[in-house]
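Okay, got some structures for you below.
In what follows, chain A forms one complex with chain B and a second complex with chain C.
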Partner chain A sequence: MEPIAMLFAWMLLIVFLALIACMFEDLESDTGSQSNPNSQVQLAPQVGQVHRFFNKAISGEAPAYAMYCTIAGVIAWVLLSKGVHPIMAIPIGTIVGEVVHVIFATTAHLGRTTAQKRFEQPIYLDVLYGHLLPIATHGFMATLCITAIAYIQSNLGTLSGLPELNHPFALPMLAFIWGITVGAIGSSTGDIHYGTEREFQDRPFGEGKRVVYHGKITRYAECGIRTQKDIVGFCVKYGGPCTGLTFGLIILFENWRTLVGMIAGNYLPDLQATAGNMAATIGIVLGLMIGIALTVGNVVIVRWARKRYGPFVGE
Partner chain B sequence: MDPVLLIIVCVIIGGVLASLGVHLLPVGGAPAAMGTATGIATGTVMLMFGAAMCGLFTASTVATFSNSILLVSLSGAVGSWIMMGVTMLMANIIYVFGTGIVPASGRIDVDPITKESQKEYKTPQCDGHGVPNVSFISGMIGALLGGFGGALIYFALLNYANFEPTTAGMVAMGIFVANAIIAAYNIGGTIEGFHDPKFKRLPKALITCFVISLFCGVLVWLAANIGGLIK
Partner chain C sequence: MTVTPAVEEEEEKKPTGGFPPDETRLGIISAVIAVIITILLPVLPAVIKAVGVIFTLLWGADSVRKTSKYGLGTGVPSIGVLAMGYGIVGAILGTAFASKTGYAAGALGGVLIMGGVGYLSGVMSNSEKFIGMKIPGLERGMMELGLAGSLAMLLQFSIVAGSLNFDVVMDKAISTGIIALLFILSCMAMFHPYNACLGPDERRPRTLMLSVEISGLLCAILGIILVVTAGSMWEVADGVSLVIFGALVWLVFYVKFVKAAMREAYSVVGTGLIKTIE
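Then we have the complex of A and B:
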């Protein structure tokens, strides 16, 4: 198949992997209660709300995922350099990254919960054992997809038939970049559904969560006492896919505008060095147009919400 | 211009732009994740770092086929701008459709750009919620400046200090994150954008970032010189 068609095909595969990666990243952060809404899980025992939530905010999601993905990327890169097939090298690298993830999850949960002994928050061993596997499996999916993206991008040219188009960064560096980005996006978007809606589900819908509610999280599930597994089942219906879509769209727009710029600027398929500046200019103009469209989209959504919901009417 | 001066000037401009960009982002931190504060529900450094990484990825691709410092830096700027645009828009989609919240600023009564009133849409005992239009536009400008700064540092390291691409990317990231952290300390938690009273603290951060970037630029020059990269 001709290289341009192959480049677009690989780009779409990367977009799909990005969508899956970010969705699972957000759901993993809900499973382990990492990132911003965990402040409420941490605060709950201090205001007398003993709970059965998992509590593992080791760090922000972005540095955490940068670490897991870089470990996976480095191991995969070493195995690839030893001649191991990518089908084996990428999952093995990911498993090593996930081993580190599970160790951190265990120590973080035990450490944080132990520190709350003075507020009579017990360590429920069934909560610890029951959540480690879901954390590992969700994290595995996210890290696997990111490592696969890094592998494809660092070999994009070779896979498409134009070796000059391989990304200049090494595989671990790309894994680090997308690990940081996937964590930043998962933390920025998906957290809202977990923090604003699910953690305070017994509070009025459609308003910001007041400071007086803080720490008073919803501790009872549809059946029995709530754990993080009930939260994942809820967030997977909206927050998770929205987060996946965010990363997928970013990767789509970024790669699409660069590729279209390269084709429209006559850089592809002959890789003429003189056409490079024109290709970059077209890519920049396309990116600016996408950004303006996003700004207009935000204005429309805010206007729609103001008109549909109206001013605040509660107390 | 002398390569030594070019490296130092580019690193300083990049670092100062990174700091300025961070101040313009609407960052709500943990309270935004509960709809208690306006902005994006994550930390300042993480958000800017994520956006800058997106920009760096595109800038490094463009640097393989363009030698223009302006085009490479603008490619990075647009990469960050798209990342922030999509993230803020999707955050608002979750706020509006997932939690039924109207985006409203907590720091101003009237949006200075769209002239929409904010006060009556805000929940009491909250410092605003969602990403109102003024914060969105402020964030877009911040991403553009921050991404431009990050890509400028990368270009200088790649072409003037003659670093290998991956090393240039890592060092650019390091310089960028140092400046972003200084800005985050200056902000101290949450900020809504250029209309926020905290934005007035900007000059202090710019001076600090100037000094830090100057130090980083000299270090880069030393490393390149000792490593024999500058002939």
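Then we have the complex of A and C:
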């Protein structure tokens, strides 16, 4: 097939993988309360609110995902260089990454809970065991997609018939970069459980919260004692897909503008070095235009939402 | 509603012998081991270098703990990342010095420069004229972070590439992207211990066990990488022994940590309801 069509096809595949990856990343961070509600889980016992949450404090999400994805990428890279087929190498690498993830999750939960000894926070073994598998499975989906993206990108040229277009970075480096990106986006987007203060939605925008309410978010659900599984169920409807969409759109716009710039600047399909500058300029201008359009769209939506929903009046 | 009263700061007891040694001793031991292994004997098998990596990362983790203790618990990861930032710059400088001068000991230049830069940034952060953070011991902490980070990175370069020659390191550790793994796992070995054990009942020996555990994992993964990059005279034996060594270290310290945490927790229960407040 024509290289340009192939390039667009691979780009769309990467976008789809990114969507899945970031959706599962967000839900995984909810399972381990790494982003949602993170500080409250740490604070709750200190104000007397003993809870049954999993306290997965593996630094911020960005370095944590960088680690899982880099390990997965390195193992996949080792296997690929020994001639293993990618369809085996990428999942095996991901499994190794997830084993490390689970190891870090147990040490983080045990360490943080033990350090809350004087606040009478016990270690609930069912909480410990019951959350490890959801963490591993959600994390597996996210890491698998990121490793696959890194593999496709580092071999993009070979896969689409123009070997010169291979990414200059090696697979582990790309996995590292995309891992940091997916973690950063998952940590900043889609935390609809805590980010919008689920139980304080009747407060005006930006109002602070009294200290006695701290940690309440970790205590009771609609029915029974709240655990992270309730939060995942709550977030899977909008929060997760919204986060996935964010990352997917970033990758889509980024790759689309580069490819369109290359075509409009006559760099593709002949790869003339003289057309490189023109292609880059068109790509950058397109990127700026997309950025401006997104900013304007955001302002309009926020204005509309504040006017439409505003502060809640009356208790 | 009962709110637990504010906790008074307790003076930390000085460790008396055994594991882990106190800060100064730990620093000296790690630095000496690392310097001997990296600089004087670069032909050693990877397992011996791995011992140096474990010690330097332990030193780094202790410095991160010491530096972050005065904060509110946020920013622990940033300190670890900062240390490895120093580390990568220092190690690359060190290999460049070593190749330029022709002496392996030239690599120490990079380490010393990063120690100086760390000390300078500590002084600048604490000084009234600049940022004025007034954190006790920040100067020493930052200097140690620079030294430990650079030494750990140098040792890992020499494990992966088999030598400290700049071109070989570039070829085998940097352009293959392995440096990303070295960076992130060393960061984790430095900041994850304190980050994961954060809280009023944190205890130094328990925290530092975690650093050794993560270094073990790092060594095991480095062993797998050696299958591809092996360049030293020890060939396959290097990778295999490193994997076995790393896995053993990991297992021993993981079990030790889990047992210690379970023993020292308020209580360990199979399941149960939460304490009612109202």
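Keep this in mind: the second predicted complex is superposed on the first by the 285 of 315 C-alpha atoms of A that agree within 3 Å, B and C clash if a C-alpha of one lies under 4 Å from a C-alpha of the other, contacts with A are read in each partner's own complex, and residues count from 1 in each chain.
In the analysis below, a contact is a pair of C-beta atoms (placed from the backbone, for glycine too) under 8 Å apart; a residue touches a chain by one contact, two chains touch by 3 or more.
As the structure is a prediction and not an experimental result, all values here were calculated from the model.
Visitor: For A:50, using the defined touch cut-off, is the partner it touches chain B, chain C, both, or neither? Pick first, second, both or neither.
Guide: second
Visitor: Touching A:280, do we find chain B (first), chain C (second), both, or neither?
Guide: In the superposition, A:280 contacts chain B only.
Visitor: Scan A:124 for contacts with chain B and chain C and give back first, second, both or neither.
Guide: Second partner only, chain C.
Visitor: Applying the touch criterion given at the start, work out whether A:5 contacts chain B, chain C, both or neither, answering first, second, both or neither.
Guide: After superposition on chain A, A:5 lies in contact with neither partner.
Visitor: Which holds for A:63: it touches chain B only (first), chain C only (second), both, or neither?
Guide: both
Visitor: Between chain B (first) and chain C (second), which does A:170 come into contact with in this model arrangement: first, second, both, or neither?
Guide: The answer is both, since A:170 touches chain B and chain C.
Visitor: Which partner does A:262 reach: the first (chain B), the second (chain C), both, or neither?
Guide: A:262 sits against chain B, while chain C stays out of touch.
Visitor: Where does A:104 make contact in the superposed view: on chain B (first), on chain C (second), on both, or on neither?
Guide: Second partner only, chain C.
Visitor: More chain A residues touched by chain B or by chain C?
Guide: B
Visitor: State whether A:181 touches chain B only (first), chain C only (second), both chains, or neither.
Guide: Touch partner of A:181: chain B, not chain C.
Visitor: Can you pull the chain A residues that chain B and chain C both touch?
Guide: The overlap between the chain B and chain C interfaces on chain A comprises residues 60, 63, 169-170, 173-174, 212.
Visitor: Help me check something: in the complex, which residues belonging to chain B touch chain A?
Guide: Residues in contact with chain A: 29-30, 32-36, 40-43, 46-47, 49-51, 53-54, 56-58, 60-68, 71-72, 74-75, 78-79, 81-83, 85-103, 114, 116, 120-126, 128-133, 136-137, 140, 165-166, 169-170.
Visitor: Which residues, counting only chain A, touch chain C once they are in their complex?
Guide: Touch residues, chain A against chain C: 42, 46-52, 57-60, 63, 66-67, 70-71, 73-75, 77-78, 81-82, 96, 100, 103-104, 106-108, 110-126, 169-176, 212, 219, 225.
Visitor: Under the stated contact criterion, what part of chain A meets chain B in this complex?
Guide: Listed in rising order, the residues are 35-37, 39-40, 60-63, 164, 167-170, 173-174, 177-178, 180-181, 183-185, 187-197, 199-200, 205-214, 238-239, 242-243, 245-246, 249-250, 253-254, 257-258, 262, 267, 271, 273, 276-277, 279-281, 283-284, 287-288, 290-291, 294-295, 297-299, 301-302, 304-306, 309, 311-312, 314-315.
Visitor: Once bound in the complex, which stretches of chain C touch chain A?
Guide: 1-4, 7, 73, 76-77, 80-81, 175-181, 183-185, 187-188, 191-193, 195-202, 206-207, 210, 213, 217, 221, 224-225, 227-228, 254, 257-258, 261-262, 264-275, 277
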